[in-house]
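Contents: one structure, followed by commentary.
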Amino acid sequence: MNRTDAQNLAAGLLGGTLSQEEFIAQVTRPRSADLGETTLDLDRRRRCGFPEVVFGQGKTVAALEKIFQRLLNENMAVLTTRVDAEKAASLREMFPQGVYNATARTFRIDLDDPAALPAKVGRVVVVTAGTSDLPVAEEARETLDWMGVSTAMLHDVGVAGPHRLVEKLDVFHQADAAVVAAGMEGALPSVVGGHLPCPVIAVPTSVGYGASFGGLAALLGMLNSCAANVVVVNIDAGFKAGYVAGLIAHRRAT
Amino acid sequence: MNRTDAQNLAAGLLGGTLSQEEFIAQVTRPRSADLGETTLDLDRRRRCGFPEVVFGQGKTVAALEKIFQRLLNENMAVLTTRVDAEKAASLREMFPQGVYNATARTFRIDLDDPAALPAKVGRVVVVTAGTSDLPVAEEARETLDWMGVSTAMLHDVGVAGPHRLVEKLDVFHQADAAVVAAGMEGALPSVVGGHLPCPVIAVPTSVGYGASFGGLAALLGMLNSCAANVVVVNIDAGFKAGYVAGLIAHRRAT
Amino acid sequence: MNRTDAQNLAAGLLGGTLSQEEFIAQVTRPRSADLGETTLDLDRRRRCGFPEVVFGQGKTVAALEKIFQRLLNENMAVLTTRVDAEKAASLREMFPQGVYNATARTFRIDLDDPAALPAKVGRVVVVTAGTSDLPVAEEARETLDWMGVSTAMLHDVGVAGPHRLVEKLDVFHQADAAVVAAGMEGALPSVVGGHLPCPVIAVPTSVGYGASFGGLAALLGMLNSCAANVVVVNIDAGFKAGYVAGLIAHRRAT
Amino acid sequence: MNRTDAQNLAAGLLGGTLSQEEFIAQVTRPRSADLGETTLDLDRRRRCGFPEVVFGQGKTVAALEKIFQRLLNENMAVLTTRVDAEKAASLREMFPQGVYNATARTFRIDLDDPAALPAKVGRVVVVTAGTSDLPVAEEARETLDWMGVSTAMLHDVGVAGPHRLVEKLDVFHQADAAVVAAGMEGALPSVVGGHLPCPVIAVPTSVGYGASFGGLAALLGMLNSCAANVVVVNIDAGFKAGYVAGLIAHRRAT
Amino acid sequence: MNRTDAQNLAAGLLGGTLSQEEFIAQVTRPRSADLGETTLDLDRRRRCGFPEVVFGQGKTVAALEKIFQRLLNENMAVLTTRVDAEKAASLREMFPQGVYNATARTFRIDLDDPAALPAKVGRVVVVTAGTSDLPVAEEARETLDWMGVSTAMLHDVGVAGPHRLVEKLDVFHQADAAVVAAGMEGALPSVVGGHLPCPVIAVPTSVGYGASFGGLAALLGMLNSCAANVVVVNIDAGFKAGYVAGLIAHRRAT
Amino acid sequence: MNRTDAQNLAAGLLGGTLSQEEFIAQVTRPRSADLGETTLDLDRRRRCGFPEVVFGQGKTVAALEKIFQRLLNENMAVLTTRVDAEKAASLREMFPQGVYNATARTFRIDLDDPAALPAKVGRVVVVTAGTSDLPVAEEARETLDWMGVSTAMLHDVGVAGPHRLVEKLDVFHQADAAVVAAGMEGALPSVVGGHLPCPVIAVPTSVGYGASFGGLAALLGMLNSCAANVVVVNIDAGFKAGYVAGLIAHRRAT
Amino acid sequence: MNRTDAQNLAAGLLGGTLSQEEFIAQVTRPRSADLGETTLDLDRRRRCGFPEVVFGQGKTVAALEKIFQRLLNENMAVLTTRVDAEKAASLREMFPQGVYNATARTFRIDLDDPAALPAKVGRVVVVTAGTSDLPVAEEARETLDWMGVSTAMLHDVGVAGPHRLVEKLDVFHQADAAVVAAGMEGALPSVVGGHLPCPVIAVPTSVGYGASFGGLAALLGMLNSCAANVVVVNIDAGFKAGYVAGLIAHRRAT
Amino acid sequence: MNRTDAQNLAAGLLGGTLSQEEFIAQVTRPRSADLGETTLDLDRRRRCGFPEVVFGQGKTVAALEKIFQRLLNENMAVLTTRVDAEKAASLREMFPQGVYNATARTFRIDLDDPAALPAKVGRVVVVTAGTSDLPVAEEARETLDWMGVSTAMLHDVGVAGPHRLVEKLDVFHQADAAVVAAGMEGALPSVVGGHLPCPVIAVPTSVGYGASFGGLAALLGMLNSCAANVVVVNIDAGFKAGYVAGLIAHRRAT
C-alpha cells in the first residue's frame, strides 16, 4: 500500500466517509477467487490492463469450466491457450458462444455485448519463416485480436529465399511491432530486425529435426541476434509474443 | 525496391529530372562504408531510426578509430559497448570529447552541437535484483540516455526481500517499459511483470555461482516466466534491453 | 560395529548370557529380505525412523505383491509411489484394504489396527504455483499423512499474481516447513522463502513447455534461489519433499 | 496486511492509542534501507528469524562498508560470504573486531556484547567426502556458529573407503541434521542418508575434473539420490546448507 | 541489383527496347508465388541452380498439393522430403506419376518429358556405417538422382570391422565426394576421410541408444574429426548431404 | 599385413607351396560377407576372439534372417541384442532352435552340437542397485553365458540400504570382474569398487525420473567415481558390460 | 591392398622385375615416420592430395622442429595452425624462411623453389559476418593460399545490415565455394547460401557473449540452416573450411 | 563382517587364543588414520590389492606431507597424481627419494628396499591418437609401472592416417589390455578395439577446441563405440585407465 492510499484510508475513516467495516473490507478485500485447486487473479485487469489469460494445458475441463464461469461473472472476456480438440469439444457444449481455433489451439469467449469490445488499435505484423510455423503465428494473432489490435500476416519468407521478405517490406509500414516465428536456425528475426525501426518479438518454434533440439537452436540464435531490436520469448510461445506486441500497440494508441 | 520507388525512378529518368548517371547512382548507391575489415552500415538510421551502435569487444583501437571518425563525419552520435578501460584510455586521447562509463563499459561521443540532441522522451524504469547487477543496468541506462529517453533506477529489490519492490511500486507510474536485470534464479522480472501493464524486458545476468552456469539459470527462468508481459534478451545484454525499451518509449512519444 | 556393541557382545558371550550360536546369529543376522529380484530393507525403520517406501515405477504387480506381503508381515504400513491406474486396480484386488490416490499415483495400506497409527504431529504447508502442479503436491500430502504429519494446502498462488500469496500468509503460522511445487520458471519458492522462518522444500515440476525442458528451468531456478532457506529435490519428487518436511515436523515434535 | 493487523490498526486509530501520524508511519514504514545501489532488508530478522546475510561476491569494499555499518547500527550481527583475502584485509582495517576465515572465505562481526549472543542449540554434523571439500564445509560451519548451533565435523569419509564412515557413525547420535559436502560423483549423501533418521542437506562441490563439469555430476547425483531424506542446495553452497540445517536445529530447540 | 543490371535497365528504357511498363514489371517482378501460408520461391533455380526442394514435415496434403501444382506449372521437377506413408498415399492419388521411396521417405515427380532430364554427371559414393543408417543414405541417393548425379552405395562398413572399408576402397576411385552416414560414435567419416582426396560430407544419424542422445554424440564426433576433409550436416540430414555432394559433382562436370 | 605374414607369402609363392592363384586369393580374400545393406564381419572371431554380435535395433526380420543364416553357415553361435517381442516371434518361426529372453530382449542360437560349446570359465558377479535394473543385468548375463563364463547375480542392493551389499560381500570371492547396473544417482559401482580388488564395469541405466535425464545422472556419477577400479559403458549397455567382463574372465582362464 | 596391386606384386616377383627383398620392402614399407611422440604421416599426400597439416596446439617447439625438418626433407611444404606468437618467434629462429601470420596464427614454410608451387586455381570467397571473425577468415585464407587456390575476401556483412551483402553479390561470380565465418546467431551462411549455386562452408566462431556459449549458438544455427547448400565445420575451424573449399576448387580445375 | 570371520573370532575368544582385549581390538580396530582433514584408508591394500593412491589436486603440501609420512610408516609405496611443478619442488625437499614426472604430473616414492617391489607382470599397450595426448598416456604408464606391470607405448596413430596403426599391430601381441587416449572425436579406441581380443580402456582427453567441449565429444564418442570391447573412464583420467588395465594384467598373472 503506498502513502497516498494510506492517507486516503485514514482520512476517510476519521472523516466518516468510510465506516470501520468498509475500511476493513477495503484493506482486506480479496483480489482473487478461491476455486479449489485454482486461485483466480481477479485483480489482473486493474494491475496489468487485461484479465488473466488461462493456460489450458494440464487443466481438466471441470477446472476450466469453473474458471470460465467466474471470469464471465466478472464481465471479463475469456482467452485460453493450449486447448486440444477434445477438451474444446466439451467446452463448446458448456459455452456455445465460445470459439475454438484448431490451428492456434485457443478457446475464446467474447463478452455478450459486442459494443463492450474495444475498437481495434495499432498495427502488428506477424511473420513466419516457414509454413510449419503457422500454429504459433495463429496463437499470436488470436491474442492480438482478443486485445483489440490490428494484425497483418506474412507467411513463409525465410532466409533461404531472401527476396521473399524484401518484396513485401511495405507490409511493415507504420507497424508498432513485429512478431516473427521461426524454427530451424531461427535467422529470420535478425533479418527482419535489420529492416525495421520497431521492436521485433522473436518466437523460436519447435519446427525442425536433429540438432534443432526441439527449438533450442532457434532460441539460441534469436538470443544472440546481432540486430539490436530483437527480444525473445519461450519456444512456441505465440501467445506471449502476441501479448507483448499488443501492449506496445496499445501504449502507442494511448 | 518497392513499386513506388521504381515508379518514381522511371518517371524521373524519363521526365528528365533524373539524369542517367543520377539514376545509376541512386540505384547502385552504396549504403555502407568499406573500412577494410569493417563494412559500416550508413543506412541504419534511415531504416531503423538510430545509427549503428558499435560492438567494441574484439575490435582493435585502430578499427574503432576508423569507425568513430566515419560516424562523426556522417553526423551520427557514437555509442560503443563492451570497451575495457585500457582501450577507453586510448580512445580518450583520440576523441577527448568522448565519455567513458567504467561501470557500464560504454564509450560515447555526442555530437558537437547539443542542440542537435533530441529532447528526452518517455519513461523507462531500470531495475536490479541485486547490487552486482549494476554494470548491466548501467549499460541499459547509457543506451536509453543516448536514445534520448528518460530513465529511473531501482536497485537491489530481489525476491528474497519481497517488500522492497512493493514499497517502491510508485516509481513505475506511467512507465513505457521496465528493464529488469537479475542473476541467480532470475525471478524478479516475473514479479515485476505481475504488477505492471507495460512490457518488461528481462536481462539475465551472469551474477551467481555453481548451477547458475554463467547466467543460464536466470535465462531459462525468464524465458519460462508465467507473467505474460515478459520478453528476454541475451545474458548481460544491458544494451539490447535498453535499446528495445527505448524504441517502445519513442513510439509512444510519436 | 561400534565399540559399545562390541563390548556388549564380548561380555555376553563370556558371561554366558549369549550362547555362541546366538552370538553368531546377532553378528551375522540378516537385516534384509531376499525376494528374488528385490532385497527388501527390513532395517530401514530402525535406522531411519520409517519403513522403506516402495518406488512403484518399473516394478511388476507380482514384485509389488511380494514386497507388500512381506512389509505387512513385518507390521509395517505400506506406501508406494508412481503406481499407474492399471497396476493399482490389480493391487486393489489383492489388497482390498489398500487406498489408491489417482492424482498422486500413490498406493497405501495402513495397518489393520488404527490405534497403531501415530497421532498427527507438526504442521507442513504444501503450496502450488499453478493448478497443474496438483499431482506433485498430492504425492507430498499423502507422504506426510502416512508419516502422521498435519498438512495445509495452498494452491495456485504463483508470482504472476503476487497478491495471492500475500493474502494467505496466515496459513504459514507455526509451520515447521513448507513444500512448494512449481513448474515453468520455478520462482515461487524464493518468494515464499522470503516470508518464512522455516525451511522451504522446493519441488520443481515438469509443468511448462519449450525452454522449461521438462522441469530443468524450474530446477535451476530453485537451486539458485536468493532466499537462504530454500533446498531442492528432484523434478516432480513430491514424495521426497513431503518426506523431508515430515522428518522436520517429527523432530520438532520430539 | 492480514485481517488481524488491519483490525488492530483501525481500533488503535479510532481509540486514540494511535495518532494519525503514527498510523501513517506504521502502514508506510520503510522496512528497508536505501543505500544507493543496495536496498538493505531491515525486516528480514522479523520475517525469517535471522538478519540478512551479505553475499560478498561482486560487491565493492565501499558497498560492504555501508552495509556493515547499517547492520551494526540496527544491532544485527554481520555474516558475509565469498569475501576474498584482499577485500578482507581492507574490511579488517575498517572493522577491527571482524573475523575473517580464509578457508571459508567468510567475514563476521559479532555484536559487541557477547551476552547478546544466543546460547548454542542443537547438533549438526558437517561431513566431507574428501579433503578438498573443506572450504565448503567451513562455510557451513561458520554459518551454523553464527546462528548459534553446535557442530561436529567429519572429514574425508568418501565411498571409496566405505568403512571410514561406518566406523564413525556414533558422531551422528542425536543429530538434528547432517550437511554432506562431496564432489566427483557425489555419492556420499546417499550413503549417509541410508544410515540416519534426520534430514541430510547435500552440497555438491566443484571438486573433480573432466566430466564432473564443475560440480554438475555431483549435483545430478544428489538430486537423484535413492535415499528419501536427502535434499540439495547449489554447487559449493556451504552457506545455504548450513543455514537450513541451522533452521532445523533451531526449530527443534524451540 | 548490381551495376550491370541497372545499366541494362536504364539503357533499355531510354533506348526504347524496354517499355515503361516492362521496366516496372522487371524491377518489381514477383520472384515468388503467394500460396496462402506458403510463399514459394520461384527464383531459386536461377540463383542456386536447382528448384526449391519441399520440406514435407509439418505440411498438410492440401498445402503440398498447391506447391506441387505450381512447381509443375513452372516446369520444375518436384522433390519432397520427410513424407510419411499416409501422406504419400494421398499424394499418389493426386499425382499418379509421383514416386514414393518408403525407406527414404521422399516423394518425387519428374517432368513429363524424360528428355528434359539432365544426363547423369559425376560420381558420389554414399557410405553407411551400419545397416540402420539406410534411410538416411537413401534420402541422399534420391536427392543425387534427382540432381542427375551418378551414385555408388557402400553399406555397413563401420570401424568395428575395419577391414570392410579397406577391402572396398576401389569404389571411391574418381569420386567427386563421399557422403558418409553413421550413428553411435560417428567415427567412420574420419576413417573414410583419411583415405580420400575429395570432400567427405558426414551425416550423423540418430541410430544408437543411451549416450548417443539422438545423434548428438555422432554429430560432435564428426565436427571434431581429425581428418581435414570432413564437413558436417544436421543429424539425419541425408538430403542436405546429397545436395552438397551433388553441387560438387556438378561443378566438376562444368 | 605385418612382416612375418609377408615373408611367409613370398616364401610360399617362390617355394611353390602357394600357387599364384592361392597367393592372390589369400592376399585379397574377402573377410566379410556382402548381404546387401549388411556387410557381415566374418573375420571378427579371428581378430577379437568371438563372432560378431548382432545389434537387433533398427534391423528388419528379413535382414536378421540373412545374417543368422550366414553366421550359422560359418559355424558361429548367434547372439542378438535389442530384439523386441514381435520380431522374436517371427524369428522363432524361422529358427525354432533359437531362445528369446524377453527380459533381456536377446535372441540366441547356440550351435547344434553342444560339445562345441566352450566349458564355463571364470566368475563374474552381476549386481543391480534396484529391481528395475533387471533387464540390463539380464542382457549382461546372457552375454556372459554365450561367452561361456560363469555368473552370479546379486539384486537390489543400492546404497539407501547400505547393509544389503555388506551382508553379501562373500559372493564376490574370487570374482574376475563385477558388472554393476544402477540408475538414479548411480552410486553403487563406487561402493562395490571400494570393496573389491577386481575391475568393476559400471552400467548406468535409464531407471529414474526428472533430473536423471534418461540415465545421464548415473552416467556422470560413474565416470566421476572416486573408486579407482571403476570403468563405464553406455547407458543401458548390459551387453557391452557383460562382454568386457567376459573377456577379463577368459584372459584369466588362459 | 586391392586386387590390382596384389596382381602386380605377384607378377613382378615371379617375373623377376621385383626381387624378393624389394617385394618385402614394398609390402612392408613404412608410410609413416616415427619421431618419438609423433608418428608423421608420410603417405598423406599420395592418399589425400596434400601433405599433413600440423596442428600446432599442445605441441612443443622441439616436437614441431622435428616434424618440420622431416617434412622439408620429404620435399613437402609446411603449414601449421594454432601457433602462438611465442612459439612462432622460436620457430622463426630455426626456420628463417618461415612466415608467421599473427592474425591467423599460422606458420608456413614454402619450398625453396617457387617453381615447385602449383599455379593458383579456382575461386573461393571468404566472408565474415563481423570484424571480430577476422582471425578465422585469415586461417582459411592462408590454407587456401597454401593449397594454391585464389581467394577473395568480403568482411563484416552480417544480417543486421542486410544490404551490405546484397551490394556485393558480384564478388561471388564464378565462385567454386564460399567460406562464411560468423559468430553470435550465425545466420549469415543461410543468407549467403540463399543467393549462390555453389557449396557454402559455414564456420561458427566463438565471437559473442552470454548465450552464444563459446560458439555453440552459431554452430547449432548453421547445422539447422534452411539453405540446402550449407555444410558446417567445427567452431573457429578456419583451416578446415578453407581446406574443403580448396579441395572443391581443385577438383573443378582438374 | 562375514560368517567365517565371526566364527573365527568367537572360537579364538572362547579357545583363549584371543584375549578379550585382543578381541575388542580386532573388532573395533581402526582401519583408517585420522589426519585432521584427511581420513587415510589404511585398509585399501587388503580389500583392493593396492594402497590408496593420493589425488593431489586441491591438497596442500602440508596435507600431502602428513599422508606420505603415514603411508611410508605403513610400508606402502606412494603414488600421487595431479601434482603441479611447484608442489612437487616442495615435496622433493621433504622426500628426496621421491620422483616427479613433470609430463604425467605424478609424484612417486618407492619403498626403500627395491627387493620389496613386485616383479613386472603382464603387458599393457598405451596408445595415443595424437602427440598432445602424451600427458594422459604418461599418467597411465606411471600407474602401471607403480603396479608392477610391463608397458609398451604407441604414439600418434590417430585415424586420419589409418595405416599408422595397422603398421604397428604387432605391438599388441599378447597384450592383456590396451589403454587408448584420444581427444577431438575420440575415434581411435573403436578402431583399436576392432583389431583386438582384449579389453580396451578408452580415455577421452581434453585435447581439441570448439565443439570438443573440453573432451565431451571424445567421451560421448567412446561411450557409443560400436566395438564391443571398449570401456571408458573420465576425461583425462590416465591414472584410472592405467589402474584398471593393471588389475587385468595382474589377474591374468595370478
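For clarity, chains are labelled A, B, C, D, E, F, G and H in written order, and residue numbers in each chain start from 1.
As a convention for this text, contacts are C-beta pairs under 8 Å (C-beta built on N, C-alpha and C of every residue); 3 or more make two chains touch, one makes a residue touch a chain.
Since we're looking at a predicted model, the values are computed, not measured.
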Each chain counted as touching chain D and chain F at once
C, H
Can we say the copies chain A and chain D touch using the same residue numbers, with more than half in common, or are the two sides different?
same
Pick from D-F, E-F or A-D: which interface has over half of its contact pairs in common with F-G?
A-D
Where are there more C-beta contacts: C-F or E-H?
E-H
Looking at Cα centroids only, farthest away from chain F lies chain B
Distance-maximising chain from chain A - centres being C-alpha averages
H
Counting in whole Å, what is the centre-to-centre distance of chain A and chain H, each centre being its mean C-alpha position?
59
Between chain B and chain E, what is the gap in Å from one C-alpha centre to the other?
41
Between chain C and chain D, what's the gap in Å when you average each chain's C-alpha atoms?
25
When you check chain A against every other chain, which residues touch at least two of them?
2, 55, 130, 160-161, 193-195, 210-212, 216, 219, 223-224, 226, 228, 234-235
For this structure, give each pair of chains that are touching.
A-B, A-C, A-D, A-E, A-G, B-C, B-D, B-E, B-G, C-D, C-F, C-H, D-F, D-H, E-F, E-G, E-H, F-G, F-H, G-H
What part of chain E is in contact with chain A in the complex they form?
30-32, 36-41, 43-44, 52, 55, 57-59, 63, 82, 204, 206, 214-216, 219, 234-237
Can you list the residues on chain A that touch chain E in the complex?
128, 130-132, 134, 155-157, 160-161, 163-164, 167, 207, 209-212
In their shared complex, chain G is touched by residues of chain E numbered 2-3, 47-50, 53, 55, 169-170, 176, 193-199, 201, 219, 223-224, 226, 228-235, 239-241, 243-244, 247-248, 251-252, 254
Provide the residue numbers of chain B that touch chain C in the complex, in ascending order.
129-130, 158-162, 184-187, 190-191, 193-195, 208, 210-213, 216-218, 220-228
List of chain F residues in touch with chain G within their complex:
1-3, 6-7, 10, 13-14, 20, 23-24, 27-28
